[in-house]
Every structure is written in C-alpha cells, then in structure tokens.
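Next up is a structure, given as structure tokens.
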C-alpha cells in the first residue's frame, strides 16, 4: 500500500509539471521563455512519472529501461533546446523583456 | 472490467480517434506547408498511440520509428530544398509563395462535387465496414497452430519471415528499387553549410552507440516479443540520419562500393538463403523447422543493416557523388 | 490502479491536444517545432502509463524508440530549415 | 468493439480526407502528404479489422502486412519527393505540368 501511495503522489506531481509545461508553451511570450517551460515538462515531469512507475516495475531490468528512457529524453531535450535557442539568437530574435 | 475502467478506455479511444481526424484535417488544410508538416509529425505520434490501443505493439514500434521520426525529417528536408530553389530562382514570373494558393484552380462547382463525392464515399466505406460479419476468427488461430514450426515465438515475426516470407522479400526489393530510382533522378544535393557546433556533435557521439545498441535489442527480441528487422532497421536509419545532419557535408567521400554492397546485402542474403534451400531439395524459402530460427535471424540481421542504410540514403535525396569535396 | 493510470494517460492526452494551439498559432516555425518536441515527451509518458494500465511491458520499448528519436525532428529542423544562413546557401542540387 | 469502431471510422475518414486533398490541391508536396494520410487511414482500418475478434487478442497477419506497408510507404514517399524536386528543377514549379500552365 505504501508503494502505491508513493506512486500516486509521484505521478500526480509529474502530471502537474506536464500541465505547467503546456500552459507555459501556450502562455509565455517568446521562444526562449517557451523553451524554458517546455524543458520543465521534459526533465522534471517525465522524471517524476518515471520514478513513480519504477516503484511499481516488476524487475530491475524494467527499472533500468525506464531510467534509460528518462535519460534519453533529458539528453534530447537539452540538445534540442540548445540548438533552437542558438539558432534563434543567430537569427536575431530578441529575448522578451518587460 | 468494471464500469470505471470501461468508461476510461472508451473516453481515451474516442478522443484519440477524434484527434486523429482533426489533426489529419489540419495536416492537409494548413495554408503554411511547414505548419502542415509539424502537424504531420504530431499525427504520426497519435497513429503510434492508436496502434498501441489496437493491441499491435509491433506496428506501434514501426510507426514510432518511421511515422514520427523519419517521414518528418524527409518532409522537412524536401520543403527546405523547395524553398531554397524558389529563393534562388527569383526570375520566375510565377508567384513564389505558391504554397498558399491551394485550390485556386478548381471552380466552386467542382469543389462542391468533390466534397459530395467524398461524403458519399465515406458513408459507403463505413457501411461496408459495418456489414462485415461480426465474429471472424481471422488467421490468428492458424498462425498460433503453426507457430511452433516457424522457428520464432512472436507471431508477427513468424508471419513476416516465415509464413509470408515472399512479401518481405519483395518488400526488400521495393526498397532497393526506390533507392535506384532516387539515385537515377539526381545527385545528392548539398544541404548543410553551417557548422554543427560542439554540442550537437557530442550529442550524436553519445546517442548513436545507444541507438545501435537499441536496434540490436529490437532485432534480437523480435524472435519472441514485439520487435524485429523493420523496427530495428528504421531505428538504425534514424541514427544514420542524425550523423548526416551533424556533419558539415553530407557527401561520403571515397569509393562507393562499400555503400552499394551494404544496400544490396539484405536482398542478397534473402535470395541466397532461398536459393540454397532449393539446392537442398526444398522449395524457395521453405525453412526446415530445426534451422528456421537461425535462418530467420541471419536474414533479419542482413535486412536490418540494409533497411537502415537504404532509408538513410533515401533521406539524402539523390546519388552521393564520389569523393565530392567539402 | 488501472483506472488511475488510464485517467492520467487521458489527462496527458488532453494537455497534448491543448498544445496543438501553439502549432496553429506559431508565430514562428520554431514555436511550432517546440510543440512537436513537447508532444514527443508527452507520448513517452503516455506510453509508460499505458504499459502499466494495459499490462503490456512491450509498450516500454515503443516508449524507448520515441525517446531515442525525440531529437531527430528538432535537429532536422534546426539544421535544414531554420539555420541562420539558410538564405545564402550554395545551390548545386 | 466500440473502440475498434472508433479507429475504423477515423481510418475511413482519413482515407477520404486524403483522397479529397489529393484531388483538390496542386502543390505536389501536399499531394505526397495526402497520400501518406490515406495510407495511415487504410492501415488503421486493417488494424481495426484485425482487432474485431473479441477476447483472443489481435490477428497477427494484418499487423505483419501493415508493417510491410509502413516501410513501403516511407520509401515511396522518398521517391515521390525526389520526383517532385526534379519536376521543380525542370519546370520551376512544384506542380504537375498540366496544372502549372495558365
């Protein structure tokens, strides 16, 4: 029962980050701020969900696979965010200011 | 199944099916072609989820690698070549941003007729689907019956490489012919001029070995679980595409014969196995039960490598030029 | 627990639909591409949840393929369509 | 059965949408994308038919056919795109010649 409670808490927290990431993608004013919100969903949201599901996993191999999936998404989102931000700067898109 | 989970399942499937239609419509109706392509990438993702829901994880794997990864990259590359040539051909008296003029050539009457025809077709096809006999066992039981003689325990792999091996052989032929046709149309256009940057290079260096490992895993596990040569080949192709995208120059220098040999490996091994079975007094591709597993694995390894390299070569969009300078 | 997993997957599917608005609106190509990248991550999470809900561990492999290829579309976009010098490239195709 | 019906309907709808776009639009990239949408629709109908027999899982034969189809579709797409670029190089327009002339 404890493990189920842990899973539920972690999954709900992860879903919250996905919601926040999507809201940020929709509401933030420019490409840099949107990158910021979106990478939160990638990193923290998926991380919490992966942790929550790993608690329920049937074997160590399954836990390893879930961890690998999370690490791969981390790598992809960090690289993607860097590439998009660098291109945006070089294209002369000005970061949003108040 | 209790009411709650039944309701959750129905809601999920209903929403996903509606989303498929809406996104499919947006893919086709977006005035901006780039927008349409991004919708298409999202569409591929939803299709992969649908295959999961239809209990077809093998197809979901293939769709995830091809629909959401490779096709998107192919379309983006084609669009950027189109736009660049339009930019360089300023002399053209035709409107350059022709992407926005979509159905201008059709009169309103023709368009209305087309819409009515589409609606009638939809109703006819829907009725045809509904009038299918409801309880067909399909070929599932037959496959299950013969599975022990196929050399593998994953029924989809058994169908692909044993029961219907001719399909797969001819499909390798289709891939090969498609590449021959693409090569005969034009030399591979140079498309990358900016430096990739150290982060992209390190990313590719870290990721590609993991992708190759994952492709091997998918190939191996395909004998008894969802996976197999096509999924592994598609994943491998994505790795090669990443390498090509990280390079400053897409042209492989030097002799092209190792490339040509790799491209024909899958088809060659497939035919060679079939022919040697004929030499042993059996029919073409009629595997002996005790050796079927090994022969299938041999064919699949060759097919995976060929599929991966062929799909990546198709992405290049033309024949690589020998020793082309940077 | 199955209903909980399925409900969360449904919730993530809904956030994915909400993200479609960014593809519709843009304004820049990069904004649309960001939405596609978020969808990829969301699909990974949905598949991990469905693997539990449908009791099909093979779905983790589908999720693994999505995670492996998450960067392909963005890298293709940045390198082919959106590079800063895309306007003065050689054209020998 | 209900879920299967939903995907079959979506598949048939996508096929019809794609057919409409294939006939209505002149830009060849749109036509290629429309063909891909049609193919996805057909595959989904296959998947729905494979999933109709209740209780005993899905039929593996249509799944194998669809996997073959997915790979053929992507190679056909690549060939179609190369043809489109060649047509554009020859005529200056990504359209079929008889749809280009004014």
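When the chains are written out, they are named A, B, C and D in that same order, and each has its own residue count from 1.
What we mean here is this: contacts are C-beta pairs under 8 Å (C-beta built on N, C-alpha and C of every residue); 3 or more make two chains touch, one makes a residue touch a chain.
Predicted, not measured: the structure shown is a model, and the values here were computed from it.
Chain pairs B-C and A-B differ in how many C-beta pairs are in contact, and the one with more is B-C. Chain geometry summary: the mean Cα position of chain B and that of chain C are 17 Å apart. Averaging C-alpha coordinates per chain places the centre of chain A 27 Å away from that of chain B.
Chain B and chain D, compared by their mean Cα positions, are separated by 12 Å. Remark: chain C and chain D have CA centroids separated by 21 Å (rounded to whole angstrom). Multi-chain contact residues, meaning those touching two or more other chains, occur in chain B at positions 9, 16, 53, 55, 70, 79, 81, 85, 186, 189, 200, 203, 207, 210, 231, 317-318.
For chain D, residues touching at least two other chains, in rising order: 85, 89. Of all residues in chain A, those touching 2 or more other chains are 72, 75-76, 79, 83, listed in ascending order. Contact between chains, per the stated criterion, is found for A-B, A-C, B-C, B-D.
Those residues of chain C that touch chain A in the shared complex are 1, 4-5, 8, 11-12, 15-16, 18-19, 21-22, 28, 30-31, 33-35, 37-38, 40-42, 44-45, 48-49, 51-52, 57, 60, 63-64, 67-68, 70-71, 74-75, 78, 82-84. For chain B in complex with chain C, the residues that touch the partner chain are 2, 4-5, 8-9, 11-12, 15-16, 19, 23, 26, 32, 34-35, 38-39, 41-42, 45, 48-49, 52-53, 55, 57, 60-61, 64-65, 68-70, 72-73, 76-77, 79-81, 83-85, 87-88, 186-187, 189-194, 196, 200, 203, 207, 210-211, 214, 218, 221, 225-227, 231, 235, 238, 241-242, 245-246, 317-318.
Chain contact summary for the complex, chain A toward chain C: residues 4, 7-8, 11-12, 14-15, 18-19, 21-22, 25-26, 31, 34-35, 38, 41-42, 45-46, 49-50, 53, 56, 58, 62, 65-66, 68-70, 72-73, 75-77, 79-80, 83-84, 87-88, 90-91, 93.
By the touch criterion given at the top, residues 197, 199-200, 203, 206-207, 210 of chain B touch chain A in their complex.
Residues 72, 75-76, 79, 82-83, 86 of chain A are the ones touching chain B in the complex.
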